[in-house]
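What follows is subunit A paired twice: with subunit B in the first complex and subunit C in the second.
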Partner chain A sequence: MAYFLQLVFAGIAQGCIYALIGLGFSIIFKASQVINFAQGELLLVGTYIVASAVLNWHLPFLLALPLGLLVTVVIGLLFERLVLRRMIGRPPFTILMITIGLDIILRTLVIVGWGSRTIPAATPFSVTSGFNVAGVHLGSSDLWTIAVTVVLCAALYYFFRHTRYGLAMRATALDQEAALAIGIDVRTVYALAWGLAAAITTLGGVLLAIDSLAIDPNFGNAALVAFPAIILGGLDSISGAVVGGVIIGLTSVLTAGYESRLPAVIGTGLHEVTPYLLMILILLIRPYGLFGSRKVERV
Partner chain B sequence: MIATREHSHSRHHRQELPREAEPPRLLGSPGRWLWLGVGVLALLLFFSLAGDDWFTIVNYCLIAAIATLALNLLSGYTGQISLGLAFFMGLGGYTAALLGGNPPVGPLDPWGLGLPVFVWLPAAGLVAALVGALVGPSALRLRGFYLGIVTLALVFIGNYLFRNLRFITGGPQGRNFPVPTFGSVSLDQQNSLLGIALTSGQQYFLLMLLVLLLSALFVYNLSRSRVGRAMRAVRDHEVGAAIMGVNLFEVKMGAFVVSSFLAGVAGALYVSYARYVIPDYWSLSLSIQFVAAIIIGGIADVWGSILGAAFVFALPQIIDYFSLLPPSTGGGGLSSGDLNALLYGLLIIVFLLFEPGGVIGLLRRLRPTARRLRPVGAGVGKAAVNEGGENIEVVDLLQHAPESGEEGRGPRGGRTS
Partner chain C sequence: MVTKRFLFTCILILLAGLPILAGCAGSSTGSTTGGLKAGPGVDLNKKTITLGILSPYSGPVAGPVGIPIANGVKAFFYHVNDHGGINGFKVQFIEQDTQYSPQLEVQKYNQIRNQVLMIADSLGTQPTFAIKDLAAADHMLVSAATLSSALAREKYLILVGTPYRLQVENAFDYIVNKLGVKNPDTAIIYQNDDYGQDGLTGYREAVSVYHLHDVAQVSFAVNDTDFTAQVAQLKASGAKYVFMTTLPTATATIIATAYKLGYNPQWILQSPAFSIQLLAVPALKPLISRAWVVSQGAAWGDTSVPGMKQMLEDQAKYFPKQQPDGYFEFGYAESYVTYAILKKAMENGDLTRDGLFRAFESLQSVDMGGLLPPAHYGSTPDQRVPTRDSVIYQVDATQPAGVKPISPDFTGVAASQSHF
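Moving on to the complex of A and B:
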């Protein structure tokens, strides 16, 4: 039972990370109907910069983190301004492909700059820190992850409900032309969405790196696991991304925890595909996700 | 009554737009014969003069070109985003390995039936097509990004299966594959064909070239047929296509299945040429390389597919061949693969922004005969761009078929070549 609770706790913490990364996708998709395939590599660049800042340049973690966020936000804003703004109205195929172009460039730059070897991740916590409750070890990194996610979601909720720019973003998501007509600057909204998404995703990435202790150039693939999370929750739903993320995190961690007890036929690595299997299942039953609106793209 | 009206209607169209009903023949003009001659001559020169290293580079490139054609059929002509090409290639590769592989010696060896190439090559395509037909109905209900994400999931699920189905794939360490043989002729030895002694590389080259030629002709002819027009209609405007009587599901399924077939064949050829296969080869980055190939080469174009494959898959090898850059050590620094990846990442963005027709679109635009027709096309293109996104279909049509005459859409109704 303690083992199960331990897994549930770890699953929720991991789910929060997927939720953060998924929020990045959702915010951009909601604002501009674009799936940003380069999200994973933005996260990769961010975590490498934070790791370098701490390990090579000996900056304190709390200074390194904003530096990493700043760099990815600038990359996101530049890409939005210089490339995506020219692509408005082009088919989704073209836009997805162009973000794949950015994805390739960023990943290669990381390989060129840092090499393809695994490097240790920056972490402000020691592995064993935390405390025990009823035989369950609550690690401080996991606790912080959950706390950061909860605070951030509350902040986002307030932002989208009660601030000028948050309302502008929701209006744009609802009807771009109507938003333009009532004087909302849609360009600012796009830029805001990209900056916000880049920052949140990078934060998720840094937390994930703390969790996994080491990073390599494939680390960006972690963001792909957020796809099942947002599809599960509904691509255009912010709260859906969070719920989807937690469900995916729980499934993945529980499968990993009990994998050795499953029949040998299952083999190894099942936990890496359970998120995708779950996603395909949900697409068959409810293609618009648990919380998404029904007008989702479907033939 | 209705039938008669429809009939007369279509005849009316036929008279007005004869080119629409009869697409130009493949080798209908002297210019095309000339290009064919030049091409054959270049191939013969390469064939007789190139060394073994070059054959290795070019043969891999020919295999990649087949897979690129497969993706172009699905994404370029039909407009369905797919990141799952590596999965279908892997299916083909392992089908070939199972059917054509050596029978196991020890209890831990993967299975193999030792069947000849005539069996495993088509079977590889058929198995991939069959899985495509099974996955298709649920995947193709989804559009745009959703389809991209589902096909991405296929790559990960495939990788899990490939790593765990040890009796077929040999597990993460992979398995080897015997030399393909035609009767008593084994492709890794020198053999003579019609009295000419051929090296191993040359024989593989002929095999790959034959398969590529068949695939290219198939895709080319398909694209000019009624089905091809339906595919483009689906890509450019789904609702419009449906209103015109195109069965969306049938067209998408057809493209998906045929594309899977070609990908399977390419995967089988890769395995038979590399003679070794590990599950990690069929990764997402492989799929993405093919996406890069169709965009750089040219969307919805046979020559574009071949050029794109050459660019993405041969360039790093050529840079390595001339040792222009230090080999990759894993410790950072620019290696040939990195340079190439940077280049094609950048080119994807540049081409999509400025020349969505890819290299082939650029070449066609520079052709003197095409320039004569240009004022009409260029004017419309510019107008559409100026209007922002509204007229995107117009832009796309022009970009995808810069040679308006070839599709009989040119106002002058003339051929451009």
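Moving on to the complex of A and C:
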């Protein structure tokens, strides 16, 4: 039982990381209908900045974290202001390709700046910090990951329901022209979406790096694993990203924990494909994901 | 007026002629001067031999592996050139950035295949496998910077060092025959790719030969970031000795996760699983210091081996910014074999590709200055495995390369019997 509960706890913590990264995708898509393929590299840059700030510039972790968030937010805002704003009205495929370009540029900058080697990640915890309950180790970093995700989701819920800019973002997502007509500054909404997404994704990356202890330029690939989570939850749904993330995290960790009990021909590497199998299954039943909004077109 | 049919015919003739022209260039045995037959990449007038390097110079593998190995190869031959070359012939390189991509490797190989005599360095199992058939068709020898045992089956690929599969077998020979632990509870954690499969093959052979009590075989995906499930399995299995066919970042996370879960077995790392950079991770340093690494060759700075002094001098002269690095040493050692082939081919008066191949098959043994144990070559797959020995090292932050030997250089029972 302790074994199962350990996996469930790890799956939820891992799912929260996917949720945070997935939230970044969803917020941008919701506001601008753009899938940002540079999300993983924004995470990468932020994590490297935090690591350098702690280990090289000797800043406390609590100062390094906002610095990392600030840098990625600035990158997100500049990219939106200097590139994407000029692309409004262009085919989505063009914009998607531009985000892939940003992805490559950011990864190259990380390699140029820090090299390709494995470097230590910043962590405020010791490896063993946490406590044991009934044979299950509840690590500090995992507990903090879950807590941060819950608090952030509550804050986002409040933001989108009860604040001026949150309501403006929802209105823009529903109908850009109507939003313009009632005086919403759509450009500000886009900028806000990019800034917010960059910060949340970076936070996910930093929390992931705490558990990894070491990072390398492939670290941004973590965003790829979050991708089935947001598709499963519904690409334009904030709550979908969170639920999808936790489902994928749990599925992946539980499968990895039990796959060795299956015959080798099925079991080996099964956890690598279960998130995608689950995604396909759910899309077959609900083509817009669990919480995605169905598009209605008048013909 | 030019008709469409005429134009079409011309294009067909041109297309039909291109492979013939290309074939001529590719299989040309070149010219003969002063009794020396020369193939592609050899300029008898300028007295130069051009070799190819196919290695990642950009991308994540470049800094930690690709560039140091290529630097090692170049440092060796810069020294040769500065000391008169090979019978007066200077060695030069055409270097191509493969980014560790099999597709790019093929593209770059095709770009340089008619300009080089052989490939002095091709990094990575999958990229090298992507060009093996092309190299065989071109009769091109390729010195492969990988320890994949599958390479031994390829006629034109040159292995340097003990394959991964035999590293695993030697590690368990050390536990059973050197430490005297009978039927130890063992497990392996491996990444689910060719590299991991090579480690797993060695582990299964070791289980059979040494009567290990195999309690778990756990895999993970290259992109996995959380290893709780895998480590929980290892812990539940009760394995006392866990072999890791991993890469450094995964090594760090796995060991830390295990410690977090209160699991502290004897970790044994396949050579690529360790990087000295791991010792720079403050939280990891005390945890990894109990681990063993199975590898081979002289430790960086060990001037008791004859080749080390020369290598250090060449590194200081040609690549002064190069940090102590096992991969640089590997590239330098690898070049002893390339040099021996070129030297032998020149003595035979045949610097064509076929001449090089005959020289390679007749080498028998190459001394690598003690940087790696002497390599032995022959014509069957079993004979193309150059070395079967290993050294077990303990991770030690006080050493320049981060490890110190805890065993002599030895070949275990399983490794000496293993067939390829």
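Just so it is clear, the second predicted complex is superposed on the first by the 290 of 299 C-alpha atoms of A that agree within 3 Å, B and C clash if a C-alpha of one lies under 4 Å from a C-alpha of the other, contacts with A are read in each partner's own complex, and residues count from 1 in each chain.
Assume contacts are C-beta pairs under 8 Å (C-beta built on N, C-alpha and C of every residue); 3 or more make two chains touch, one makes a residue touch a chain.
Treat the numbers as computed from the prediction; the structure is a model and nothing was measured.
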Superposed partners subunit B and subunit C on subunit A - clash or fit: clash
Contacts of A:L77 with subunit B and subunit C, given as first, second, both or neither: neither
Which of subunit B and subunit C A:S116 touches, first, second, both or neither: both
Partner chain(s) touched by A:A171 [first = subunit B, second = subunit C, both, neither]: neither
Partner chain in contact with A:I104 - subunit B first, subunit C second, else both or neither: first
Subunit B versus subunit C as contact partner of A:I88, first or second or both or neither: first
Subunit B versus subunit C as contact partner of A:E272, first or second or both or neither: both
Subunit B versus subunit C as contact partner of A:A10, first or second or both or neither: second
Partner chain in contact with A:L143 - subunit B first, subunit C second, else both or neither: neither
First (subunit B), second (subunit C), both or neither touched by A:N221: both
Stretch in clash, subunit C with subunit B, out of 9-17, 63-71, 225-233 or 405-413: 63-71
On subunit A, the residue positions that both subunit B and subunit C contact, one per complex: 108, 111, 115-117, 221, 224, 268-269, 272
Residue ranges of subunit A in contact with subunit B within the complex: 35, 83, 86-94, 96-98, 100-105, 107-109, 111-117, 221, 224, 227-228, 231, 235, 266-270, 272-273, 276-277, 279-280, 283-284, 287, 296-299
Complex interface listing, subunit B residues touching subunit A: 75, 79, 81, 138, 140-146, 148-150, 152-153, 156-157, 160, 163-164, 238, 248-249, 284, 288, 291-292, 295, 328-334, 338, 341-342, 344-349, 352-353, 356, 388-390, 392, 396
Subunit C residues touching subunit A - in the complex, by the definition given at the top: 58-64, 192, 216-221, 223-226, 228-230, 232-233, 236, 248-249, 252-253, 256-257, 259-262, 275, 277-278, 280-284, 287
Sites on subunit A touched by subunit C in the complex: 3, 6-7, 10, 13-14, 17, 55, 108, 111, 115-121, 123, 126-128, 130, 132, 137, 139, 208, 211-219, 221-222, 224-225, 252-257, 260, 268-269, 271-272
